[in-house]
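Pasting a structure below so you can have a look.
When the chains are written out, they are named A, B, C, D, E, F, G and H in that same order, and each has its own residue count from 1.
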Amino acid sequence: VKRVAVMMGSESDLPVMRKAKDVLDGLGVPCTMTIASAHRTPDRVIELVASYEADDVGVIIAGAGAAAHLAGAVAGRTVLPVIGVPLASGALQGLDALLATVQMPSGVPVATVAVDGAANAGVLAAQILAVHDTTLAERLRKRRAESAQTVLDKARELEDG
Amino acid sequence: VKRVAVMMGSESDLPVMRKAKDVLDGLGVPCTMTIASAHRTPDRVIELVASYEADDVGVIIAGAGAAAHLAGAVAGRTVLPVIGVPLASGALQGLDALLATVQMPSGVPVATVAVDGAANAGVLAAQILAVHDTTLAERLRKRRAESAQTVLDKARELEDG
Amino acid sequence: VKRVAVMMGSESDLPVMRKAKDVLDGLGVPCTMTIASAHRTPDRVIELVASYEADDVGVIIAGAGAAAHLAGAVAGRTVLPVIGVPLASGALQGLDALLATVQMPSGVPVATVAVDGAANAGVLAAQILAVHDTTLAERLRKRRAESAQTVLDKARELEDG
Amino acid sequence: VKRVAVMMGSESDLPVMRKAKDVLDGLGVPCTMTIASAHRTPDRVIELVASYEADDVGVIIAGAGAAAHLAGAVAGRTVLPVIGVPLASGALQGLDALLATVQMPSGVPVATVAVDGAANAGVLAAQILAVHDTTLAERLRKRRAESAQTVLDKARELEDG
Amino acid sequence: VKRVAVMMGSESDLPVMRKAKDVLDGLGVPCTMTIASAHRTPDRVIELVASYEADDVGVIIAGAGAAAHLAGAVAGRTVLPVIGVPLASGALQGLDALLATVQMPSGVPVATVAVDGAANAGVLAAQILAVHDTTLAERLRKRRAESAQTVLDKARELEDG
Amino acid sequence: VKRVAVMMGSESDLPVMRKAKDVLDGLGVPCTMTIASAHRTPDRVIELVASYEADDVGVIIAGAGAAAHLAGAVAGRTVLPVIGVPLASGALQGLDALLATVQMPSGVPVATVAVDGAANAGVLAAQILAVHDTTLAERLRKRRAESAQTVLDKARELEDG
Amino acid sequence: VKRVAVMMGSESDLPVMRKAKDVLDGLGVPCTMTIASAHRTPDRVIELVASYEADDVGVIIAGAGAAAHLAGAVAGRTVLPVIGVPLASGALQGLDALLATVQMPSGVPVATVAVDGAANAGVLAAQILAVHDTTLAERLRKRRAESAQTVLDKARELEDG
Amino acid sequence: VKRVAVMMGSESDLPVMRKAKDVLDGLGVPCTMTIASAHRTPDRVIELVASYEADDVGVIIAGAGAAAHLAGAVAGRTVLPVIGVPLASGALQGLDALLATVQMPSGVPVATVAVDGAANAGVLAAQILAVHDTTLAERLRKRRAESAQTVLDKARELEDG
């Protein structure tokens, strides 16, 4: 079974990025997290990606803020699907990270989720692995159904309110 | 072997969206294209997604402009990975489509590529299928190497200028 | 007499969306509120809209944030007038919701009000019903006059201040 | 039967704004068009709105560009529903007109459609009148069905292509 | 001697707009303040502007937020110079008010200052009156010199720090 | 009688900036035009402003694009009213010039008009001079009335269509 | 040995701008700080730049907010490299300062760093001086290595966590 | 004497990036140009930067569009000063490239110039080398004087018009 590797550019990204792991844990998908900066530790990024390719990693999630290059730098080193999480930080509030993550040149895509959308990065990684894993697909459907039920319960509560 | 389904919201999106199919054809990935509007033919979207789930579709690509809902509407109906292509059109030049595609709520991700990035949507779909297909992964690596070679050739030409 | 149906994408939208109901209550316009997510409960949205069409609903108000699809998803299912309320949430502060709500394709309009403008959605819904209800139109004119008087009172206070 | 009044801030807005009238003509809704500038002919705006209120006008459509005040100026003078069409013009390409039209203060809503969305303004006006006109509602449903059929035909063509 | 009239769209604008009066008081320029909403009290705006034209008013300052129409509405009713102060409020943080204030159509200018720049509106009003008032021009130069001195003192402090 | 000095940062700004002079010529206001760059000829800017202060200049108009500093640089050297015209140029289409012109610090205002709004800069300059020149005020009112008449004529034409 | 001169437009910029000096102190690069406003003390800016040119200054760092002209004003007076730090302040949160700093006209560049990126301005100034100073280059490499080590330590901690 | 290395992400960037070399040629500064993509040829970027560090390169200029990572990727591999040129391309017109280039994390600055500002990148590179090269500084001052003279000539022409 394939694993998901979660990378983040800085320790300060952990409170948001940890949500990706929480989702994957809940779905029973193996997941590891680490820190690697595209600009401060570029060689570490290369080594990690090489180890992921050699290893049992199926999807890489990379979160970074500002001139968010991490997901793109990873994507340039692998043909594994790379999910980018633009992180809001500083004055421009994530618009910079969103554009720096999503506007990738032809040939090297990054599957970008919403600003601070780490939980959805976890869901998307699971969806990718579930293309060939019917048990996981079933778990995702169940999760979706539970989420729908939560909406229904809240609706009921409001209507009866 | 899994197939990729390419959807677009309007016939006018074809010149851009066709690039996704061109990439997939080049990689030997089966791919079908159709038109379906989240707002003008919502039932058709539901039927198509249901048929994709029942069928051999592994990844869905959805391109739309303006208040681009197609990818999100599809994503709300399946746990297959959905790739969104925001299309530039009208006065706001794709910023509207980008935000309407990428800013999905928790639980229902859309893997968003660049504005008008249909070619990269094709590459990303192939990368997702290649997680469990080493032959396809090899083809993707070859494509990447050729792209690198093109850059090198152009660089040589410029340097020898 | 027609009723207004207020929908919101999530329970967390209630503090803002409730203002629409407050306005309609004040004008004596029947109004119900519920929660339905375009992405997490798409079938519920369809059922609700169908029930509104069959029922005595004259106007639908839909509020959502981020890639705000709710109003558009509703509008694609009915020819009742649909008022969209873009809700500010997350890093991009409502610009995403505004563009995702207002930039609808030809044939399927959403009557969009300001970001977080739920109170005005209530006023607009009443104005729509008042096209054929002179009593309600009179109440709206009275409300407008009172609002003008409040401005005048504050002006007097400031000038005498 | 109620009529729709289409106003525009300048003669140069006619090529876009005429689409509202085309839609309404197609739906058999009476519609008149005129030019009135909130800044260059403010008294004319007041007189027109007063005549609309006295007359058989049910909905007002107002299109303007740049610091687009026309719809808001009209809305401040009537409790008829006012639909605003932000028009793209000049360097900022409609973002100025969109924000100046949609961000109305509490109590005085403008039902805003997409930038250059005059056709949808026509549809929305008809939807508002159709709340109490089942024949018109039927015509709107027929128009929607035809639009869906066009999508289906194009889809068929592409699939058979 | 001419007077400056300061208008604001809402009582909540007072904490910012009062800075215009503070500046004018400090320069010995007569100044009155009042509240008038372009949308909620449009007739009051007309009456005030007419009274300003008949009276000894030389410059009008108008501050408003969101779809900030006040300055433009005033400018459409007078050939007195009108200074617009876009006020930050709500989710879009003043970008809406800035564009709605500054992007006026040909023939009806609004002299726009920075977002929340009420103090500078006061300075600009005084500069306009000082074109024909050498005493006031002298006071403005003195104010400028004092402001320069403050910078120099702070610089000295920092350098000696 | 006071004169208006029109400055522009580059020869390429002439086609837009000339409209300021055209308006002033039409109103019989003396007006001179010149080129001076805040960055390429900063000393020339200082000399020009000094000569304007010594001379019969009542208002300065300054137009520049991109990091548009000209109006601000002039404003820092005089207490004459300075009107800034942000010019659209290059990729960012005038948003850069608008923000660089309007967002001046406290104490040094620039009266900013719309992007490429040189004609309105001319009108505003005349309005400022007209505060103490009833003949010019009369001419401005006549111009406003003619502009209104043009709108009325176009409206008549459209209505009679 | 060359010195770095750090300028800021206002005393309130000190908490951010001081980080440039902290970095340079840590690298053993002589550095002085002062306050000078392009708009409130333009002559002081000229005198300071002239003294820097005559003196042992190798690089100038200039930080300012809003219509941030300081770096550009300095750059127009010297051929020394000028580093601009756009500072976030007020409603527009640094986008205004970024565009006003970076979009300089041809011939007069400002080396712009991130919004509030004063620390990086210090690093960049040192990098410029290190082009001809191998000892300083070595210190910069050491600093970079330490920063990489910090990332590695945090990564270890998280992985072992 | 040090050389400037100009890198660009794609052959299509040449028409803009060539202006950097033209400026440097005019100033007598040795300059080489090549193509290297951060995403398509990441190893080539590493090799080039290593060779630049070993060689006589004093400044690196890197131009790229969209999610413009090239300058940042280079900056993460060297302590040489790196100048970034954001290139306008595609729907978002350079705002993406600007933010992706300038918003670098602490410790790894990129000296960013205007969108499409390749000529200024050449000037800035020369200014950096001129810190320790009085002959080059003199040439830069001469260039600046000529540029000022051009403005003066154009001004004369306009004034004599």
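Heads up, the rule we're going with is that a residue touches a chain if its C-beta (ideal position, glycine included) is under 8 Å from a C-beta of that chain, and two chains touch if they have at least 3 such contacts.
Source: prediction; values computed, not measured.
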Interface sides of chain B and chain H: same vs different residues, half threshold: different
Out of B-H, E-F or D-E, find the interface that copies F-H, where copy means more than half of the contact pairs are identical. B-H
Taking each chain's centre as the mean position of its Cα atoms, how many Å separate chain A from chain H? 34
What's the distance between the Cα centroids of chain E and chain H, rounded to whole Å? 42
Cα centre of chain G to Cα centre of chain H, whole Å, reads 18
Considering chain A alone, which of its residues make contact with at least two other chains? 10, 37, 40, 66-67, 90, 92-93, 95, 102-104, 107-108, 110, 114-115, 144, 147
Every chain pair meeting the contact rule: A-B, A-C, A-G, A-H, B-C, B-D, B-H, C-D, C-E, D-E, D-F, E-F, E-G, F-G, F-H, G-H
Once bound in the complex, which stretches of chain C touch chain B? 9-10, 37-40, 42, 65-69, 72-73, 75-77, 90, 92, 95-97, 99-105, 107-108, 110
Touching residues of chain A toward chain B in the complex: what are they? 2, 58-59, 79-81, 83, 98, 102-104, 106-115, 117, 119-121, 123-124, 127-132, 137, 140-141, 143-144, 147
Spell out the part of chain D that touches chain B in their complex, as residue ranges. 88, 93-95, 114-116, 144, 147-148, 151-152, 154-155, 158-159
Hey, which residues of chain B end up touching chain D in the complex? 10-11, 14, 32-37, 40-41, 44, 66-67, 90-93
